[in-house]
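Shared between the two complexes below is chain A, which has chain B as its partner in the first and chain C in the second.
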Partner chain A sequence: MPRTSRFEGRLLIAPLTAFLIALLGFPLVLDIIYSVSRVGFENIRAPEPIGFSNYAKAVADPEFWAAAWFSLRFGLIVAVIQVVAGLMLAVFLAPLFAKRPWLIALLMLPMMVAPALVGLMYRLILHEFVGAVPYYLLEWYGDFPAFLGRDWAFTTLVTVETLQWTPFALLILHSSYAAISPDIREAAALDGARGRRLFVNIDLPLMLPALGLTFFIRFIDSFRVFDNLYTLVGPGAGGSTTSMSIYIYQAFFKVGDIGLAVAASMLLLAASFVVLWAINGLTARKAPL
Partner chain B sequence: MTRLKTLLTGAALFAALGASGAMAEVTVLGWPGGPEEAGLRKAADAYNATASDADKVKLIFFNRDGFFDKLAADLAAGSTDFDVNLLATYALGRYAPFMEPITLPDASKATFPEKVLATMQYDGKQYGIPTDLSLHFMYYRTDLVEKLLSDADWKAKYGEISEKYLGKKLEPKDPDAWTWEDWMATALFFTKAINSDSPTRYGTVLQMKNLLFNMMVWHSAARAEGGDWMNEAGEITVDSPAYRTALDIYKKLYDEGTSPKDSTTYEFAEANAAFGAGQAATMLQWNAAFGDLDNKEKTPAVAGKVGTVAPPTGPAGRFTHIHGLGLGINKASKNKDGAVKFLNWLGTPDAMEIYAKAGGSPALSDAVVEKVSAERPDLVKLGQYAGAYGFVMHGGTAAKALQVYELQAKEFTAYWVGDKSIDDALTAAKTGMAELLKP
Partner chain C sequence: MRKPLVNALRWLVFAAAVVILNFPVIATLVTSLKSEAEIMTNASLMIEAPTLDNYAAVFAMADRFDILHFLMNSLVASLIGSVLAIALAFPAAYAMARFGVGRSWLLPLAVNLRAVPLIIFAIPIYLMYQQVGLLDTRFGLALILCLVNVPLVLVLFASSIADLPLEIEEAGRVDGAGTLRLLAYVVAPMSLNVVAASSVLAFIYSWNEFLFGLMLTTNNATPVSVGASFFFAASGGGVRWGVAAAVMILATLPPLALGLLMYRQIGRSMTAGAVKG
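Right, the complex of A and B next:
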């Protein structure tokens, strides 16, 4: 590349680089400083350096690992359910969507509601004295489970998250399914492939990239769950529904241990980076195929 | 010429807008979404009616959820978005470094009793005007308790139930004479699953969510049993028989089904919904709930049948947790003079009369409360209970008091739902408190 073009290229990309440094670089540097400091609200402008003890404290804290395990379990379960449900809906409702595409817009509506409001809404719906669900269960069966209690909270949260975000999986998978060329299906049909065999051997392999992408987007989104969980059950009795985001929020605002909160978030950032780097590596290696 | 006139008019309008934008005003950050907000709005309207333009008050409100966390972040960042902000007794130590101490005018000393003014004091300095006092009432259904005290069959059943579940035969008593055991027996009696004749589904409704405010409610039981956070020597004393007994009162009531299954996610609003639906016979709750519960439009099922007394008596006496909400001056404020003027006015008997009539709950001196007692009879009781039974745990205004409440909420709710043994929960609370409250 001629030297002038290279210079022009750098010049043109400079504003974007400066923008990214200002928006991402500054908070990152601040986070790194806080994570190696003793800092609370009292000395937020004058943190006291203490080395890596905040990281040691987070790693030694069983509640940090409990929160990480909660988020991992929640993220994996919810992502799997949403992908499977989204795939089923995309395939079974495909003929209907082809004739009436406006139905897709209708199914997207749950995504339009802010997650915090969804949490509040279900808190009302599931409340024994004002909610419809316990009322009818009591009328019909004489009893109902404590939906937000310790034993049911996780199931309720998974259900609420699934109901709100399965439409997202449906949208991506429907696009992917609709994009498969009819010629390929026709050719497979000429070779005798029908029904399940056609789906497993033709449709599914062609949809794999979309399935993978949907899974990872939903996993990342569910792993960092905060809003609806916080408004629905909070950290739970004894901290039983504390996700990583709630752990960090509690350490920052409730306990006022900003150093610990930021160190925990930096560990989360590092873990996320490793996972994304691995995915990127895998994708890059498979690309030539 | 026409264009010139337009330009001049535009310039004049711009200048006028600029002038009004630059006009000094006092921005007040209040406690949102309740009677306190309604009271503050009326008081501000009254103040603005006579204040000069430079001193007029503008009100802003955050969401109640996470209010104190957001306030802490704003104060620490030196925000100048508000001049006056909410203060609470239990958060005084946390916010004091970012607040400006005030000098009380004589009018304030005549408006509030000394004990109430002290709820806004930290480290020997006054940080705010105490606008609201919060304590606990034992709410009960007067119609149900009257029948219990007079019906022979109900009395006999009450004795049987208390003997079966508490190990001793008790007789129904007037709520004002209840011990904690009497309350437990009443809650058991009015639980449908235990007594099929009970007109209510539950005998009580407990607030057991992992939330600091719920610890304050439960503390009235802990203190009545003789519990405290620390002794005079500064040693943490929560691992005591008193704390164990008080924790077991809640656990027993929850395990026996006297409170809704979801009680472990209940706080102020959910408990009110249960009591207001007419499905809970008793409730230990904040005094602020009375207005709505006794309102025929809001809770027709129980309005007119709501009795209130101070919390039950324990071996150490009768107690209610007490704390104040108030308004103080942001250290970073750019209009401290205007803020002082507003607070001086707010502390006068006339201002507090407006505030109380509009829904606020100030604890006022006898002479001032007389003026509002016809419309707000609960304020008379508020003052009496605060004086007779009010307490603050030893260490309850420390800089990290809020974190202590949070810690206890986490550990004790773990015990109540069976995730931890009482020994483990108390040991964890003691260890954490020693760290938080060390000098």
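Right, the complex of A and C next:
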């Protein structure tokens, strides 16, 4: 390509680059500066450098680690359940979708609802007097748990998140399952593989990349959970449901500790890089297959 | 012999999945159609006397909480955010696909950005907005929605433009068309499918965004994803559940309708976005 087209290319990416520098690069620089400064709303333009004490404060805060642990556990559990449930639905319902593709639209609907609104909806649905779930549990079993109490909050949140995002796993895994060539299955069937053996030896290995991908996407999304958690329980249940995102939000808005919030953000960024690095490493190794 | 039985089981599982996965919306819709009195005495999914009173009540309290204002904020900010994301990403994706410019850093950056919790940037953005007066403005919110959407849109465009036949563009070049002209009259028309699909998805994601709406707006530009919770406290004391339910349904209707109408495009974009990223 001649020099003019390189120049043109640069011109074409210039607007996006400028936008990203303004809304991503500049905030990142601010993040870094504030994380090593004593800063409050009063000296926001003139932060005072203090070294790494904000980081030390975050690392020494048991609530920081509780939040990190919550996010990690929540993300892993939710991702595993979603991939398994999505896989089972995708495979079992595949014959229905093959004949009537629009059926999958009804299962995609949960993804169209704002997670924040889903959180609010569960406040209604799980309410002890007006909620449908306690009503039917009372009807059928004579009792229902305190869904948002200390003992049950985690399970409730896992269920809420799983029910909303299993459709994503279903969608990705369905398209990956449907993309397996019928020839391969026929050949395997000629060799005597059928039923479960066909699934375990042929379908599953072919779907492995899609399974890994779905798991990572769901893990990352659930790890940073904020919306539904905030609207359903807030920091409630004795702080037992504070995710990393909620922790940072509270350090900033409730406590007003900008330095701590920003230091925690940077640690979260570092953690995301580790995860990304691991994912890229794994996918790069898988690529030649 | 066994086949019809298995098939019936499939339908059963499908129906159960539809009801369970959509349960929040179904139960909220049912509640929104009950009278205030019935909600207190009948928590089941059966409605004894359906009524639209709650919806009327929502619009009647516009002097305190204006649902139309919140919906309008969401609509305007989401539209600007989606259109801007496409306007920025489309030429950039073309430059990456055809000139190789920025492919080594811009695409990986965008892809990885989707995996980074955006709350990391939320605090400095809040402080920046405070300084430049973008807090609590629709445009300020739209800029963030654009930022949220850019990675997905860029990935979708980059892969779709690379798949377009090069010959047509070359023919255009021979006829003397410059890059901008090619983009507008050749590449854009051939990409309309992707533009439509990604703008629908971008719009839905924008409409549903919550964190930045919560942090960056207080009243003037509050999107409905945030404003909906205001109605929970609307009556001071106890929650008026019927009103709250009606608000949630109104706030959910636009993306839900889009999802039903455009499920095929959305599904394709979601899959492509996941696989190509």
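Simple rule for what comes next: the second predicted complex is superposed on the first by the 264 of 289 C-alpha atoms of A that agree within 3 Å, B and C clash if a C-alpha of one lies under 4 Å from a C-alpha of the other, contacts with A are read in each partner's own complex, and residues count from 1 in each chain.
The rule we apply is simple: contacts are C-beta pairs under 8 Å (C-beta built on N, C-alpha and C of every residue); 3 or more make two chains touch, one makes a residue touch a chain.
Only a predicted model underlies this, so the values are computations on that prediction, with no experimental measurement involved.
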- Item | Partner chain(s) touched by A:44 [first = chain B, second = chain C, both, neither] | both
- Message: Looking at A:129 after the superposition, I want to know if it touches chain B, chain C, both of them or none. Which is it: first, second, both, neither?
- Response: both
- Check whether A:54 is in contact with chain B, with chain C, with both or with neither, and answer first, second, both or neither. neither
- Between chain B (first) and chain C (second), which, if any, makes contact with A:82: first, second, both or neither? neither
- Query: Does chain B (first) or chain C (second) touch A:261, or do both, or does neither?
  - Reply: second
- Does the superposition put A:35 against chain B (first), chain C (second), both, or neither? neither
- Per-residue contact with chain A, leading partner among chain C and chain B: C
- Look at A:253 in the shared chain and tell me whether it touches chain B only, chain C only, both, or neither; answer first, second, both or neither. both
- Should A:223 be classified as contacting the first partner (chain B), the second (chain C), both, or neither? second
- Query: Should A:146 be classified as contacting the first partner (chain B), the second (chain C), both, or neither?
  - Reply: first
- Considering each complex separately, which residues of chain A are in contact with chain B in the first and with chain C in the second? 44, 123, 127, 129-130, 231, 253
- Message: Which stretch or stretches of chain A touch chain B in the complex?
- Response: 41-42, 44, 123, 126-130, 145-150, 153, 231, 233-240, 250, 253-256
- Item | Touch list for chain A against partner chain C, complex | 1, 5-6, 8-10, 12-13, 15-17, 19-20, 23-24, 26-28, 30-31, 34, 44-45, 89, 92-93, 95-96, 101-118, 120-125, 127, 129-136, 163-164, 166-168, 171-172, 175, 210, 213-214, 217, 220, 223-224, 226-227, 230-231, 244-245, 248-249, 252-253, 258, 261-262, 265-266, 268-269, 272, 275-276, 279
- Message: Per the contact definition, I'd like the list of chain C residues that touch chain A in the complex.
- Response: 7, 10-11, 13-14, 17-18, 20-25, 27-28, 30-31, 39-40, 43-45, 87-89, 91-92, 94-96, 98-102, 106, 109, 112-128, 130-131, 143-144, 146-147, 150, 154, 179, 183, 204, 207-211, 214-215, 225-226, 228-229, 232, 241, 244-245, 248, 251-252, 255-256, 258-260, 263-264, 266-267, 270-271, 274-275
- Residues on chain B engaged by chain A in the complex (per definition of touch): 65-66, 69, 72-73, 75-77, 94, 97, 208-211, 260-262, 264-265, 270, 273-274, 276-277, 279, 400, 402-403, 406, 410-411, 413-420
